[in-house]
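Chain lettering (A, B, C, D and E) follows the sequence in which the chains are written, and residue indices restart at 1 in each chain.
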């Protein structure tokens, strides 16, 4: 590679985020002193259109063949700037970022000199690596025009229906023997006479009528191989009497819609399971629905209660030791909706609601207003109320913070508005698909704000409550959104995959087989050449670019593009001295 | 494959356009103001991740601008819509910028030279822009626009200084409004919201007392592209505030003005309190709330961190009124802390009102009955459980705050849902 | 003598630790500025030669950090890292490098607080040990 | 070329094996002697330093230097040879990377001297006298005793080395190939290894194809624990054979004697630290998930990690030896 | 920590309150705007929001113990600002009515307030009874000149004393019960020295009793304050005049005769004041011109009309008397009595008029609680 290395360095202010701490001008001046750096500039927002335009012009004007941008984390804008290089006709992989915001200005606000010094060295490291970067071409792989949907709740059903109507084959895998997930148990929904079951049925009917939909009940996904555009999935379907069959599927995208489990209070938590007068909200909804155990008749502990106490935030906001720290979002509204439905049918019933924070957000506020107007009595608590079963009734006592007094209410039954916890098989699905989960145990989306239905792994999408509590309408909407994202893949013939994969130098490879042993994706095989020599071979489709084989290759024959030994070594050396 | 029109260039419109275009559907993105970006462009940071808002929005704006399947129609409005799903005729009026967009490079020379100063809508009138202006530094498209009501040439037939100084000679005073007619399969409407008029609750003194702000105004103060370049200073004397009060539910959850809860202001105020502490480490922030609506993912942790880590004080009370101390222009907030039942008159240097969100319904679509307002004035979704984003008529989708108050993630999810449904019309159209 | 400011090289895996460092940034957590982070796609990419090169160039400390076992974006890259770095720690001790100077940490994308704690702890320990660079040229 | 090319051979801190290796050329030695004019060969011929000093610079075509630089005298002589010769060849593991004597770099100089001159049972040295230059009264001359350098250095840390010949000692055909290359003049770029393979030992190892698809071992084994199956790759049987990380060219002599390779041919071109690379691949294929188990195996099955993995290359490693406290 | 005795909710209390005028009781979501809006919040420690919550929850003991409703002069500022339009003004008025019922140990107020028929029946019976008594025990009907005292002298004097004694006794007992209620709930068990009781009594009771100054603090309180002062002074003057003329004088020195002219002027002007005040109040209530008069409980109508009728008949009696028309005087006087007796007997201890006692005492007891709170920091 004899062409002269001409590097352009661009330092971003990011408004005050960087410039507020790092002396940007000093960093730019320093960058000018680094070998091969022919142009060094700074701008208030490198990621904005003018910033990008500046780079494009410089590439043309100064014939730059490497670009370094010192700004925010590559997780934010590496794709953006690679796009800029592409537009300017330069190979997008001749680009390196120095993270002087999240790793520098935002974390060293009190020590401006050290932060500036660190920024300079981070730029030096990025330039050292940039010098050794080589052009890489994106790897194209064919796309299977089919989608796998895991989970037959409303989110999964909505995603399936959208995609089959869009004209794609969808394999819907549902663990249970019936579709609908938790929604079927929701009884009559707010602002409508529709029940959860009606919503599910309307979706299932349309799905069953479409030939593109393939439904697998009593089935679970066992194994997933391959990557975006070409996932090879093994599904086991239980056929009864211990028999089961394995089904191989080949899909271009996967939508995870595994829903949630209702929070199960511990035995004795608010008297749960120590008296039949205490039920959870989900159990109550079941009781109220026609198919429920009491054919819709409000009977709890065998009697028709004259007074009901609802306790909210059961299992949420760390109200009890067993509870989760997060808010389950839908229990306030679901409880008030259920209360209003009960008041409609049984006007004389006294209802008390023990709440920590009334979170009927958006238009659902009117549920709260109607509940007040229906003479529901609200008691706000900070410490969890105590439920003491008496002989003929249950006494719920709490310190009401609005009147700063302890209130005790004898009621016939107590309803625990339990929240949502991650589905039991979240862990299994997570490990199988190699996607992460957040501190709350729900699946982690690529970006909380702007990529809420995408997983970090390309080609895998997350619908419904799998990523966190939602009500049924939000869950259905996120099913469609996940379907849209899946459609952006399966509508394409070819998918481009990051080229940061491993490559073998056949003149150095001794065929020792160490690399093949390590690859978790079976992307490396040892081939015997005609001259009998054994040489390692990388399947660029399967290789995910982790670099583990490169680190182990005893003769240094295996190198990971973008992270070659000399490139990383250059960064290590540049950390200490600039030459 | 028929194209789809997306009305409104905020984050919801942008996301819907991208989710459609990435499926190979042709999209016309119509935006009323000179640049896309919508409300999110006016935010400094977003909750709960404290991402810098323009840092996560700008790439999407640039992606829309660069996408081969998206045609951007900015400074344009939908005049009339007629037809049925799969075959809508949409009349769009492109207002004249009086700037030739192909030539203009957004260099800003004209803006520097223009003598006329006009209250800047992007910064909610807290600073001035010129008669010829670029809304904000990261605007897409980065083109100048002449505001005919204030430009001296249009009002008095004089000046034309911008024409003289424009390097690529892009100024063209006799540009005419342009009418475009599109035949599309479906329409996604994401026209967003504006804040209600806080003067409806006159007792808080908004508009009367200078140091009373709205959430959005305070967000502009925080932003480095804001009127004060990120400095939090008081309107009355330019001093840094020592005590800031945030009052929630202004014109929300209120029989007199809007009964609904605006969903995002609890978290918005919490975030702004945290950012205020960041800008001014020894400032004291107090948030007066009735219930804290921290329902989204990561919101409760964000609320806890605000209390424990950043020392933001939360008082469960709805202040009755604010009176101003004429000498210091400080604000005395009258409230009863409902958790101690103690009445207090507390003095603050600055008050930020979390004002309700009011949807902006495009009257052309309302006139043609394609969108009907519900009892709160938001775009009605008749079958919310079957089609969560479909408006009154099939083929028309309403997303974002236009449909109901919601945060950015929910708007992005609705955008995806609308894109999916619209795509189905596009292929069958 | 100017107050000894140790310089510590961090090899951070892109999916977990690098994201945790980003999160520490977005959450405005403060920690000392002694760290220089080199991003690798997986902790499995960290070749013991890189660690030795860092010490040779004068690093006072090196951290190799990746995802918790089971969390690895590439199934089990971090398991190989565990074995390599365990053996390397033993060899470095034989070569006279104190064990506090070299750490293997599992830090997930959500554990910004854990990173800050490891960072503060590492700087304290390495400061106590003093600079390594002068001891590399054996002159006496 | 009227005169025959002059070559010089010199030995520093070495066991003399490399000197002999030249003789191992057997009858080829004669061809060598005919082809070249040996001007300096202390072990075999009685040339003196002064003779070399008299030679014009660069007059020696090639100097084959073996052994690590341990004493000030070595340093002096090799610098002289550098000045006088066109090519300097680091012949054998010691001069190339420090070799087995290089393992002394795990100890401080005083420790070595005190061990050698005070503590060794066979020495009686109450006055704790160390060898140093002294005036010999009878001869009336100053007897110069060279100083011991603080660390043993490979040749290229003292002078510029043109080519390296691997091996401990280099096998006859490697030596011969090297000499052929030198004499024929078609030499690879400066600084490369000559005479040996450009690939790792596995490439030429007969047991290579007996490797399983997934070369993962549950446990390291010591050679004493079991007699390995001669027909199957020793590494696959758990012996920490360093073949994969060692340059080929020796014809897998040790493997043929059913012994795992110890790495005397040194690292491949793309490797900058032999020990680190060896550790990396061995740890990678050790199929163990628990940290404690790894520590146990290292302690029990490999014991002396540095000695085992840096047997021939410690001085040329990145740290060059143990880093001592101030 | 507050006592751990848990309070029991009583459903029926809330329904009573609704019938007593708390129409929009079930709208309040406890935001605290009312307390914050109230101009009196700066003067007294009271939480009107909490009072509304007690009402919503039906916490009988707390309602009875809460002096807050009595501190409210119904200016309507809170209802103006209430985001839920729950009209706290009306709820507090209902709470005042409920407190009256609660304080009254006889149980008469409860029936009086809760059933309109009972109320009207009792008034009717009482007035007929009065007429009978007057008729039966009337003194000589001197027709040639007006001799009112002769006509009703014996019955009026005795009746007055009995009635006055009984009524003040009942009222005193109710005030004591009010004291018992208001101090029962204060969480501190600490005792205050008697001296503070007396000091505060002197400081608060006479001042507020006579001036109702707090009312002036309310929003455009001037208008109501004047009407109320008119009514107060009208009544006070008549009361004093009546006692002097018809009770004390005849007992102490039956012979001494007041200067007729002065007494008549005083009487008439008082009656005119009363009439003017009550007519304005009646007009306001009919027109529902302001928040105060937007809702009128039957007892409000009864009270104000009785007052109006009494004043009218009182005035007529005086006019006839001084214009020397004996028969009309006696007749109107009897009619006057027919209105006065129920007004005094029923309204004072059992109904609306008791507020003249309860309001100052409420201020007093609230002050005592405040001191106790400050002193024992609970």
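Couple of notes before you dig in:
The rule is short, and it goes like this: a contact is a pair of C-beta atoms (placed from the backbone, for glycine too) under 8 Å apart; a residue touches a chain by one contact, two chains touch by 3 or more.
The shown structure was predicted, so the numbers you read here are calculated from the model rather than taken from an experiment.
Using the contact threshold fixed earlier, the set of chains in contact with both subunit A and subunit B is C, E. Counting only chains that touch, the fewest steps needed to get from subunit B to subunit E is 1. In terms of C-beta pairs in contact, A-C outnumbers the other of A-D and A-C. Taking the mean of each chain's C-alpha atoms, the chain whose centre lies closest to the overall C-alpha mean is A. For the pair subunit D and subunit E, the distance between mean C-alpha positions equals 115 Å. Subunit C has its Cα centroid 44 Å from the Cα centroid of subunit B.
Work out the mean CA point of subunit A and of subunit E, and you get 67 Å between them. Computed centre separation for the pair subunit C/subunit D is 33 angstrom, with centres defined by C-alpha atoms. In subunit B, the residues touching two or more other chains are 49, 51, 253, 338, 341. Shared interface positions of subunit C, i.e. residues touching 2 or more other chains, are given as 26, 28, 47-49, 53, 80, 84.
Touching of two or more other chains is recorded for residues 29-30, 49-50, 84 of subunit E.
All chain pairs that count as touching, in label order, are A-B, A-C, A-D, A-E, B-C, B-E, C-D. Residues 198-203, 208-209, 211, 213-216, 243-245, 248, 268-272, 277-278, 280-281, 284-285 of subunit D touch subunit A in their complex.
For subunit B in complex with subunit A, the touching residues are 11, 15, 19, 22-24, 46, 48-49, 51-52, 54-56, 58-62, 65-66, 106, 137-142, 223-225, 229-230, 253, 259-263, 291-301, 304, 316, 338-341, 374, 376, 378, 384-386, 388-389, 404-406, 408-410, 412-421, 423-424, 427. If you check the complex, the residues on subunit A that touch subunit C are 73-75, 99, 101-104, 106-111, 114-115, 117-118, 121-122, 125, 431, 434, 436, 438-439, 444, 456-457, 500, 518, 520-521, 544-548, 550-552, 560, 563, 565, 568-569, 571-573, 575-577. By the touch criterion stated above, subunit E contacts subunit A in their complex at residues 2-9, 11, 14, 26-30, 49-50, 53-54, 56-57, 59, 62, 84. Within the complex, the subunit A residues that touch subunit E are 350, 352, 358, 368-369, 372-375, 377-380, 397, 399, 402-410.
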